[in-house]
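The chains carry the letters A, B, C and D, assigned in the order they are written, with residues numbered from 1 in each.
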Amino acid sequence: MTANLIHVLLLLVMPPLLAGVINKTKAWFGGRVGPPLLQSYYDLIKLARKSMVLSTTTTWVFRAGPVVTLAAVLMAGLLMPLGAFDAPIRFSGDPIFFAYLLGLARFFTTTAALDTGSAFEGMGAAREVTFASLSEPAVFFALLVLARLSGSLTLTGMLHGPMGGFSAATAAPLILVAIGLFVVLLAENCRIPVDDPNTHLELTMIHEVMVLDHSGPLLGVILYGAALKLFIFGALLLHVLAPFQTGVAWADWLVFCAEMLAVAVAIGVVESIMARLLMRRVPYLLTGALLFCGFGFLLLVR
Amino acid sequence: MAFVLICFPVVMAAIAAAVASNRWRPWLLPVAAIVHLAATVTVLAGGAAGSSPVPWLVLDPPGRIVLLQVSVLFALCSFYAVGYLRYRQDQSNRVFCACLLAFLGVISLVTWSHHLGLMWVAIEASTLVTAPLIYFNRTQRSIEATWKYLLVGSVGIALALLGTFFLAYASLHAGLDSALTLESMLGHAPRLSKPWLHAAFVLLLVGYGTKMGLAPMHTWKPDAYGEAPGVVGAMLAGGVTSCAFLALLRVYHVCHAAGEDAYISRLLLFMGLFSMAVAGVFMVGQRDFKRMLAYSSVEHMGILVVGLGIGAPALFGTLLHVLTNGLTKGVLFLSAGNIHRAYASKSTDQVRGAMQLLPLSGTLFLAGFLAITGSPPFGPFISEFAILNGAFDAGRFVTGGLFLFFLLVVFIGMGATVLQVVQGRAPSEPERNDYRDGVLTGAPIVALLALVLALGLYIPAPLLAMIGDAVAFLENRA
Amino acid sequence: MSATWNILAAIVVLGLSGLPAYLLPARSETGQRVATAAMVAGSLLGLCGVAGGVGGAIPSVAGAAWGLPYGRFSVAIDAVSAVFLALVFVVPALGSIYGLGYWGHAQHRGTGRRLGLFYGLLAGSMALVLIARDGVLFLIAWEAMAMAAYFAASVEEDDPAVRRAGWVYLIATHAGTLCLIAMFALWRQATGSFALEPAPAMAAGLASAIFVLALFGFGFKAGLMPLHVWLPGAHSAAPSHVSAVMSGVMLKMGVYGIVRMTALLPVGPPWWGGTLLVAGAITGLAGIAFAIGQHDLKRLLAYSSIENIGIIAMGLGLAVLGRALGRPEWVLLGLGGALLHTINHGLFKPLLFLGAGAVIHCVHTRELDRLGGLARRMPAVTGLFVIGSVAICALPPLNGFASEWLIYLGLFRTVGLGGEPGFAPAAVAAVVLAMIGAMAVACFAKLIGTVFLGSARSDASQHGHDPTATMMGPMIVLAFGCVCLGLFPSIAIAPLEDASRTWAALAESTPISLAAVAPLGWISAAGLGLVAVVATFALISRITPRAGAVAEAGTWDCGYARPDRRMQYTGSSLGATLVDLFGLVVWPRNHQPAIHGLFPGSATFKSVVADTVLDRLVLPFFRAAGRYMSMFRVFQQAQMQSYVLYVLTIVIVLMVWGTMGAEP
Amino acid sequence: MTSLFNGLLVIVLVMNLFALGTSRIHALIRIVASQGVLLGIILLLVHRHLTIPAFAVAMAGIAIKGFLIPAIMLRALRQAEIKREIEPLISPLASIMLGAIATAFAILFSGQLPLVDQNDGALLVPTAIATVLVGFIILTTRFKALTQVVGYLVLENGIFVFGMLLIEAMPLVVEMGVLLDLFVGVFVISIIVNHINRAFSSLDTRRLLLLKE
């Protein structure tokens, strides 16, 4: 029960911090001071108090988009085990539910974007759904690998199971899967090299361009949802990359938070030292991720 | 009874030739047809009455089936003919009516004749009496069609005569007398001289195959069927072909009794599948819907011969197919005749939207197409399905597969033309023509279609028994 | 027994429902109302029968000798039939009600009665297909169904496009029927009769031949790639409620056929299941890729049907595989998922087709790039369409998810959980399914975006309004079904379990159950949770004081002052990248003008996504075959001389051919 | 007896070749008429005990083949006002060569077929088959409608020759029926020829090319 409470609390509170850490890291690389670590929280509070401007072409779909997206991502967060602890909701087949919740989020984000009737938002929507079509199979390859290793069909079981029996035979598949998943994380959360959240050219954006017309509380909801999604993916990746456990509950939570921040730093580093890919190269990157996960699967079942 | 069936129509033909009124003469057709049908039913119901004072005239079980089919078809066509001739008062129908009636008598003679020579005479006579029918329209095209019908038909039938002589010599060679009656042939079949029998079979297959319209002797068929009036087409495709098939069936019977199944089934399967293939090839892209029907007839003759080639397991289906094909051909030719009449054209370039212009005939034509291509639940489906099952029973899976494949080709070829005819928008200003469906030109087709449909859903027990008898007879189990 | 009679009566009522209208004038609305009433009454009667038949412990059989040389009139309902029957007795009746508004006799004088006649016949014959237990009866019902669908779909035969689509359908269905004819003939060889009862044992080769013929014969109807060629054309040519019935129900008859035959055949080798899985994967993936490339609203939906058939085939393949390898849990999950998806697709696809019909009814175009902005004018239809889209993308909490989830669970088990024996190649299907799912989201986001959102792309789409109650009602019922089955999928679990057990002939004692391997209760809980969260958020946004303060402005177009409706992202561009990714399969053709110089003149861009199989393979083949065949016409050129020569030639050929046979 | 008989049959064969060689329709009809008469005479000779049926058939044959049919055809010829077969498909010489090959083939082929003792050594079967083949040659290489009818008659003559083997086995009715059919057939064909002449103003079958694919 306590664990579940902490889970929910972390889920609700921690995500914006990651964005701050990433920005701080990037600033540090750029030799700047950068915004405060908690800047994202300030932004959210400010946005919540603002009033909205809605385009004349929009309908209820536009307003439903961020709301449903956030709800779906929150649900997904409840399915994802954090660190050494079980997820609050877990049942046989929940990985699929998890993946499809993210699909639901994507569906409403893109339709909301299309509701504006703007060419830019249309571009973003097109890219979002296209790239997801490549990253989703990669995730499922990874899930298959984990299911086989763990013998479980719950996310909690999958992510906790195989790490105990980490052996030479399973090392290679797991490493391949981890690389693939990291690429998926970058793509799904619109980070460099797939997308640049800080770019100023709408033509080259994915996620940011889809939310151009959202303002006020709705924009806040979107930003918060995006941070939440990053948090969840980070947690997923951590299970594969660094399944450290101490056995002591409070220490495990600390370890988890530290690892999470480390992931944020790593993302910041990647964003600082890499350039964004050409948009038409992105499918190749994602196909690469798909192949990595696929080879992992192949190595395991051969 | 044999004399009633054979002579009564001939007498009526003479009366028709004598009657002066062009308007009332056609009514002799239904009168003769009804009497003929009644006599047929009496004979068939009578069972043992299938004999006559003359030993050559016996109504055997296969003959019963053909007689019934032709009689029913003729009865319905005769009413149609009255309706049709009403539209053709511009021409004298004296020869037409007389020949049509004589044709009925000649065809009855074919079904009754148990002497191969006599049967030949009857079939040749059927060629001669139908020639003036094809020539009814008196156009250049119809002359050409008649000429080809007569000459190719005569050459073919001459070969059949040679084959008949060969067969007679085969029995003479075996030291038998009184040759050529079916009974004596069957009785001593195993002793017949093999080389003569083989040669005779080839000649008879080609000869009667020409009358049936098997490829490649079918060349007269599209011309004749295309130029003849619809009702004549129906009688040619449903009557003459059935009789020619009956002749071939008798030859098959003799060869089967002689134990020559291996030899004849090779030839029969070859001819049958070849005919189906040729029909398919010529149907694809066919723009003249009456010629298309002719090729469909070629195809169905092929089906019958394939069934015969498969032998005993498929005989039931084959005999049933004689019935279903004959009746369905009636539906198709009569409705095609109506459409031809209304549009004054038989090319799909002009004929479109028949369902709009002639809702009844168009629908019947379409239904007839579905029936003849073997769609359930029409009669031809059951018979073709039975033949396919027979092929599988006989272990002839390749034949069965080819059979189905050719059916598909034919469906595609025929369907394209039929749909062009019935669908679409009727030309806003069709050729000046006031033909519309009437009772006399519509009801007989509806009745035929109802029969075809009924045969696909329910075959009456007496009919089943009749076909069963015929199979047993052909298998010499009777 | 009474259940069977109920259903037979229902079949008669449905089949003849269109006839009374012929007693009335062509434009009479009364006739249509009578037909609809008969459809509804017949369907209710049938549903009672299904309920009774499933409740009864023993399968109800009625049989009678019949005046055909082959076959008996033998019918029965079992759990498998019941699942499909439920669909037959729901969707056509709803479509008929919809037709009152959509295809009123007063507006469609020439075609109304004919459509009604064949529509009813279609429904009745489908029900007969499902209860037939004799090969010949099955074929008759099957062909009646195929023909009724043909006439119902090509009711607007004035239009050459409709004729062409109908013609392709007719050839495809006939080819399929011929496969089935061969299949039943082989079935008789194997079992000695046409009775559709489980075969005890037969030669492996014969069983496989029957399976392959069934796959082809039924695959044509179901629309398995590459046998789907007829499907997009026919669905877009048909009136929308006919498309709904064809897509929602008639395709499932193909599925039913495969389900039935695999149940009757003895347990086959694993490659049967493998073939189905591969066919399903190809069908699903290619189907959705083609769907994304479409420019026509109804063609898009038709390709999406192909995709869903692919998903169903994958579930079925898993079940067949499980049966071959003796894994009851694969059977339960695979067949359970496939059947549930059949039902689900039978709910949301008709919903989408009816929605599309409502759009076409107002806007009179099916072209996506001429639509747009309808959400403001047709809010109710938009809402229902969104529900249908979410469901068809298999997104929680609607019904599409539940069924795909079952299939996923089964496929995950084939990977060999924790080292237990599995069949890992099959697990790749789960990955394919994931890709299909993601692409479906792309496809339907595109569809909703271009049809309902943004602003109108043409003047035509500036009009429009929500349709009348007769058209809305059926859609609401279908949407309600989607929501119900999505939130409470466990209500379907008992029939599915029954059906799967009947199919695999699992003994009562088999200790495994669908409920045990698939915790559908959790799906309900999680789905309800999701709804609750969304509702809470919606409520918060309502009661937050600031939320009311909303200003309206034009869409931000990055500084461009005069955005135009033609500057919106088009449907084609939305799918362009995905279509290009699948270029090898979809083979898009872009006609792109080269633009030179500083002030180029006006130019047009056109992209065409034809059906690769139909337009690049089948039709060119047919055209070439037609050309070659017409070459044979030189043999029929009216010279008597050659005709006589043929006769002589064939005599010689036959003489030679005969002696050649005699030698060995 | 057999030698006389065979000698007459050789004349039939020679007549075949003459028929192939001539290009004058008038002569062609005459040749075929004489062939018919000759066949009737052979029929009378072939029987050791001349029966009434055989006599009747032979007489009817002579009457029909030798006089009646040629008369009909000559009348048609007069009406058509043509004299010779212009440009046949192959030259008369080639026709004769073809006919010779066909005759040789017929002799070879008939060697394959077993004969009853009493017919052994007779040229009946080869003559019959050769004549049938010659009929086919005329039918396939000539263009005038009338010439084709002649070809058909030659074909029938061949069959008639074969029929001599069976004269005792065939009932009279059938035999007469065959002859009657032949007669009526040629009669009907001649009527059609007449109509062709009227409708097409020619007897050239190359004008009859309306009905083709």
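Some notes on this structure:
We take it that contacts are C-beta pairs under 8 Å (C-beta built on N, C-alpha and C of every residue); 3 or more make two chains touch, one makes a residue touch a chain.
Being a predicted model, the structure only gives us computed values, none of them experimental.
Two chains share more touching C-beta pairs than any other pair, namely A-C. Averaging Cα coordinates per chain places chain A and chain B 77 Å apart.
Inter-chain spacing, taken between the CA centroids of chain C and chain D, is 69 Å. Work out the mean CA point of chain A and of chain D, and you get 98 Å between them.
Centre-to-centre separation of chain B and chain C, using mean CA positions: 43 Å.
Residue positions of chain C with contacts to 2 or more other chains are 633, 636, 638, 640, 644.
Contact with two or more other chains is made by residues 136, 139, 148, 205, 208, 210-211, 213 of chain D.
For chain B, the set of residues touching two or more other chains reads 144, 147-148, 151, 155, 199, 222-223, 282. Taken together, the chains touch in the following pairs: A-C, B-C, B-D, C-D. In the complex of the two chains, the chain B residues touching chain C come out as 144, 147-148, 151-152, 155-156, 159, 198-199, 201-203, 205-206, 210, 216-217, 219-220, 222-223, 262-263, 266-267, 270-271, 278, 281-282, 284-285, 316, 320, 370, 373, 375-377, 381-382, 385-386, 388-389, 392-393, 400-401, 404, 407-408, 411-412, 415-416, 419, 423-425, 456-461, 464. Every residue of chain D that touches chain C in the complex is listed here, in rising order: 89, 133, 136, 139-143, 148, 205-206, 208-213. Residue ranges on chain C touching chain D, taken from their complex, read 633, 636-642, 644-645, 648. Listing the residues of chain C that touch chain A in their complex gives 372-373, 375-376, 379, 382, 386, 389-390, 393-396, 401, 404-405, 408-409, 412-413, 415-420, 422, 424, 427-428, 430-435, 437-439, 441-442, 444-446, 448-450, 452-455, 517-519, 522-523, 526, 529-530, 533-534, 537-538, 541, 544, 546-547, 549-558, 563, 565, 567-569, 573-578, 581.
By the touch criterion given at the top, residues 112-116, 128, 132, 136, 139, 145, 148, 152, 155-156, 158-159, 162-163, 165-166, 169-171, 173-175, 177-178, 180-181, 184-185, 188-189, 192-193, 195-196, 199-200, 205, 208, 210-211, 213 of chain D touch chain B in their complex.
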